[in-house]
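In what follows, structures are represented as structure tokens.
The two complexes that follow have chain A in common; it is paired with chain B in the first and with chain C in the second.
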Partner chain A sequence: MKQLLKYVALLAYVFFLAFPLVWLLSTALKTPQEMAGLHPTWIPERPTLDNFAAAFGEQDLVGAAARSMVVAIASAVLTVVVALPAAYAMARYRGAVSRVATGWVLVSQVFPFILIIIPLFMVLRNLDLVNTLPGLIIVHVTFTLPFALWMLQGYVRAVPRELEEAASVDGAGRIRSIVSVVAPLLAPGVVATLLFSFISSWNEFLFALVVLKDPDVMTLPLTLVRFTGPEGVSRLGPLAAASLMATIPSLIFFAIIQRRLRSGLMAGAVKG
Partner chain B sequence: MRIKSALAAAAIVAMAAACGSGGGGNAAEPAKSGGAGEPVKLNFLSLAWQKESVAANKEIVDAWNKANPNIQVTYVQGSWDNVNDQLVTSFEGGDAPDVIHDDSPALSGFASRGYLLDLKDKLPAELKSDIPQSAWDTVTFDDGKGNQGVYGVPFLQESQVIIANKKLLDAAKVRIPTPESPWTWDEFAEISKKLTKGEAFGVAWPMKSPVNKTLNLALNFNGTFFQTGADGKTTVKVGPEEKQVLQRIHDQLHKDKSADPSALGMGTADPLPGFFAGKYAMLPVGVYLRQQVVEQAPDGFEWVTLPPLKGETANQGAVSQTLSVSADSKHPDEAIKFMAFFLNGPNQAKLAKGDWLLPTSQQAAADPSMTTKENGWDIATASAKNLVVAPFLKVNGFDEWKSKVATPTLQQYFANKISLDDAAKQLVEEGNKVLERYSQ
Partner chain C sequence: MTAVATRPPRSSPRKRRKPRSRQGRETLLLMLPALVPVLLFSVGPLLYGIGLAFTNARFGRNRVTEFVGLENFVDLFADSAFWSSFRIGLIWAVSVTGLQFLLSLGLALLLNQNLRFRGVARVLAVVPWAMPPVVIGLMWRLVYHPDAGILNSMLGTDIDWLQNFSLALPAIIVVGIWSGMPQTTVVLLAGLQNVPKELYEAVEVDGAGTWRRFWNITLPQLRPVIVAITSLDFIWNINQFGLVYVLTQGGPGGQTRLPMLFAYEEAFRNGFYGYAASLGVAIVIVVLAVLGVYLWRQMREAS
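The block that comes next holds the complex of A and B.
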């Protein structure tokens, strides 16, 4: 009985998590008439692929998804590459400078992004990076970096300093002790930070809207918004179909990196 | 170690792909070209979003590009929800599109900040004369230095009509109004009561964004909501004229109970499922919603477009969609030539059909497709004669008044949480504080 309850609870949780995807799938397969019904149905009465045909026929969804993937992966990797050494330094060298830096990281999170868009845009323009994916990657790294730094700092602090000291006693230099002792224990944190940065970049709309102007470089959120109009009116069918397809690349990325997250956790456990 | 290798490889691949996927160079830059022997390139930011409308836009741009090899236009699709954030950044950064699609309320602020080119003496006579003065009034603004300029070409307009369930109207044996003999607000109230039976309401007022709708309709009773004094200062005014439409809608909701209060929080298209199911007999909405009705109505559903209501007049505030030229455009003359082609009579008819809106062009309005009875085009097109410039278009600070003061106040009033007098007091007192800042 206890086991049965567990499975019921698990199924309910899975259903809760899957709800948006199931709803998207259901909507994507409905006719406009069925979508406008007063009583929503879960299973389409007259399933149609017209919405998928419209979504793919009208917009370059595949190209946009590929560009979004490039931007999100590059932003996530660069964020971690830049944040990791800084997080290590902030966690290990505690002093006035470190505390101020930590405080500044937190403060930087409270600025509305809209405030920094114009100066950022002008900087990019001077660097000839407006309307380019590298320009957008730089912007995404800029806005994910503070929180990534904050996350990684916590993970570094969780690694006992004594492990590095023990490695030092065994004759390892600082670099060697970081690479051989600290890095494996940080792996889960790095993967979690990568995921956070990836999601932030994958979903980001406002900066992409401002930075990217040429239709050939637009990312997925900019493409999806083309199915919406003024006053909240939208073409719900093609939008649902496009959104559903848009989730697939990120699901694949998650599936791959989730295995790394698990193996990283195990590695940390053994070392600890 | 494998993770590190994988990350490094991903970074290299990602950057290489990013640089190689069309993003390596500044694609905006060629749009500013036009040196000796090179064609002039213009960026055109369009907000078309419906399938037919996007197709019409692209078709016209393609036709232009074929006919004008020396002036090539790049079609860039934008989004209504975010266009003004996008434009402000582009204007400030000096990288705005050459030709910009927007709506007339947005132009006032852009004009006063010097972002847009004054087109007053630059437009071809044929285009000028094809569009009536009432439409030009919607794009005529102060440049911030006391001069009146024309900052866009108005090409599509929206009016408020009534979309109704024909079977319910027939069953209730009510008089079907015509453009020559529209319903008065009193008649509308009576018919709404007659159509309210059991769980079905006569009307649904979707009021998620109540300001433009009520301010535009208030002109039926000469309600202007703003007045400008001899000192040139604009203040908010909510007198008997302004209160008429507010009171009448409120009465339908809470006194006659002929309007469904649960529809109040809905966006424009949200009541459609209830409308198709017979829960509401009538929807006072913009003409463009006919497209959604055609697309979504169940088989056999019969509906009609009814002309705008009449108070003391049938006047409504006009808001137009516009094309403007960026003040920073390096090729303003070419941009104007393109606009004149894009907005000629036949092209405006295509654009209006695609967006289910009303063309400003008189030539386009006479197109048979604009006057057919099918899908209520005849009624919709006839309603254009009632459009006059909305007074709020000229008010500096209107956007802030609308979002911070008027929207919450009207929502509270329609939800019966405050009285009309309280609402009027809030609109005036809080509103004047907002406008005061803009007059300094």
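The block that comes next holds the complex of A and C.
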């Protein structure tokens, strides 16, 4: 009896979590005629991939995906390049500077973005970077930096200091010991941070909304929202198809990082 | 994303200490590449943004920005649109955080048990996490769609959920819960798995029931995790923007205009930079008032 109740509860959760996803998939596979029908159906009567083709056919969607890719890759690489030395310093030296950096990471979680985005917008306007991808990349680097710093310094901490010291006893210089001993051990952490930064940028909406005004520079999230105009039901299919495609990079990311995410990062992050 | 502080293990004091100044210089040098963008594009703008809250800054090149003291805050407190948005923000943040916590705790407890299909449920429980917030918003618009949506079809109703005055806020609260549940569930699950098994075995000898075990062991052991995740959820929720922008743009008639949507409109539609900044400052004050003690402890532990 008790066991049965548990399964009923689990089923209810699964339904709550799954039904919007099933509906998204179902909508993406429907013909416009079926969508306009009186009674919405779960399973498309004549499943079609036309909506995906239609979504691809929209020049601005493909372009938007390409721009999102450029922005996300550039932001991720820049974030890690800039954060790595700082993370190393934060993990290895305890001093005023690393304490302030740690404080900043925490503070950055509390402040509403609106307080940063208004002045940042003014700065970008003065630099003539509004409505440009480099402008958005700068913004994205700034906003992923705190958490990337936090992730990376955790990975540096996990590399035993003794290894570095052993290398320097063996006669390797400081740089040499970092490059040949620390770097290989850090590689998985760097990859995880790159992926995290990539996804943050790929998903980001508010800053892109403020910085990018022209349709022909917009990133994918902005372009997707533009799909929802007053055109009505006929556009719902391509919209669903495009939404599904926009999720693919994140799904790949989670497939790669899932195990680490569950056991390592999150568990470690909340041990307090 | 989560940045709950973890206390690092104290490393043993190093044998050969470098002179302090050299170490300080080295640290600064390593931090420089990060420090420059953070100062230029983050700390600087943040301080400037706080400063703007005390000015009459507006969009437009020829306008003179002047220091006006607390005028913006006085206006804010007299602005019924602000209070309405503030009230909606609190209802939203409290109910999303609270309900999300209760549901996630339930799910985490279930997933922590030896049930069949729990693998499937676990994977599913993480999927919303992997979705861009904009896609989550669009997906739920499809669910809530008055004609082509599945919700009306399931309930046999004929409601325009997101345009209905009294139902729009509850409707977006459901979406908020849906999108935040994975993270909260995973964190709570991790917390549950860290509760030492011996504690349960000890009370089992005393013949304690399920409820006693839950109240006397599980909850107290989870307490730090619960405090951390609900505080962060509250902060994220009160600062929420994208999801609700995509769902309703604050409508109908401002019924879902969360504080950040209000600030966005004031700044980027109406051009009142100073006024919008003062709203940001007001939200920070509220957050700090609610969570100040916790944040202070985290800061001290982290450093």
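Everything below uses one rule, namely that the second predicted complex is superposed on the first by the 187 of 272 C-alpha atoms of A that agree within 3 Å, B and C clash if a C-alpha of one lies under 4 Å from a C-alpha of the other, contacts with A are read in each partner's own complex, and residues count from 1 in each chain.
The rule is simple: a residue touches a chain if its C-beta (ideal position, glycine included) is under 8 Å from a C-beta of that chain, and two chains touch if they have at least 3 such contacts.
Worth saying up front: this structure is predicted, and the values here are computed from it rather than measured.
In the superposition on chain A, A:V190 makes contact with chain B only, not with chain C. Look at A:Q33: by the touch rule set out above, it reaches chain B but stays clear of chain C. Within the superposed three-chain model, A:V141 lies in touch with chain C and out of touch with chain B [touch as defined at top]. More residues of chain A are touched by C (comparison of chain B with chain C). In the superposition on chain A, contact of A:A74 is made with chain B only, not with chain C. Looking at the shared chain after the overlay, A:I114 reaches both chain B and chain C. Of the two partner chains, chain C is the only one that A:T102 touches; chain B does not reach it. Touch criterion met: A:P215 reaches chain B, while chain C stays clear of it.
Using the contact criterion defined above for the overlaid structures, shared-chain residue A:K6 touches chain C, although it does not reach chain B. Residues 35-36, 81, 114, 117-118, 121-122, 205-206, 209-210, 225, 227-228, 233 of chain A are contacted both by chain B in one complex and by chain C in the other. The part of chain A that touches chain C in the complex is made up of residues 6-7, 9-10, 13-14, 16-21, 23-24, 26-27, 35-36, 39-40, 42, 81-83, 85-86, 88-90, 93, 95, 97-99, 101-106, 108-123, 138-139, 141-143, 145-147, 149-150, 154, 157, 161, 196, 200, 202-203, 205-206, 209-210, 221, 224-225, 227-228, 233, 236, 239-240, 243, 246-247, 250-251, 253-254, 258, 261-263, 266-272.
Looking at the complex, you find that chain B touches chain A at residues 3-4, 6-7, 10-11, 14-15, 17-19, 21-29, 43, 49-51, 54, 74-77, 79-82, 85-86, 88-90, 92-95, 97, 208-209, 267-270, 272-274, 276-277, 279, 289, 292, 295-299. Within the complex formed with chain B, the residues of chain A that make contact are 32-33, 35-38, 54, 58, 66-67, 70-71, 73-74, 77-78, 80-81, 114, 117-118, 121-122, 125, 128-137, 183, 187, 190-191, 194, 205-206, 209-210, 213-217, 222, 225-233, 235, 260, 264. Remark: chain C residues 1-8, 11, 14, 23-24, 26-28, 30-35, 37-38, 40-46, 48-50, 52, 103, 106-107, 110, 113, 115-118, 120-121, 124-135, 138-143, 145, 147-150, 152-153, 178, 181, 186-187, 189-191, 193-194, 224-225, 228-229, 232, 235, 238-239, 241-242, 245-246, 259-260, 263-264, 267-268, 273, 276-277, 279-281, 283-284, 287-288, 291, 295, 298-299, 301-303 touch chain A in the complex.
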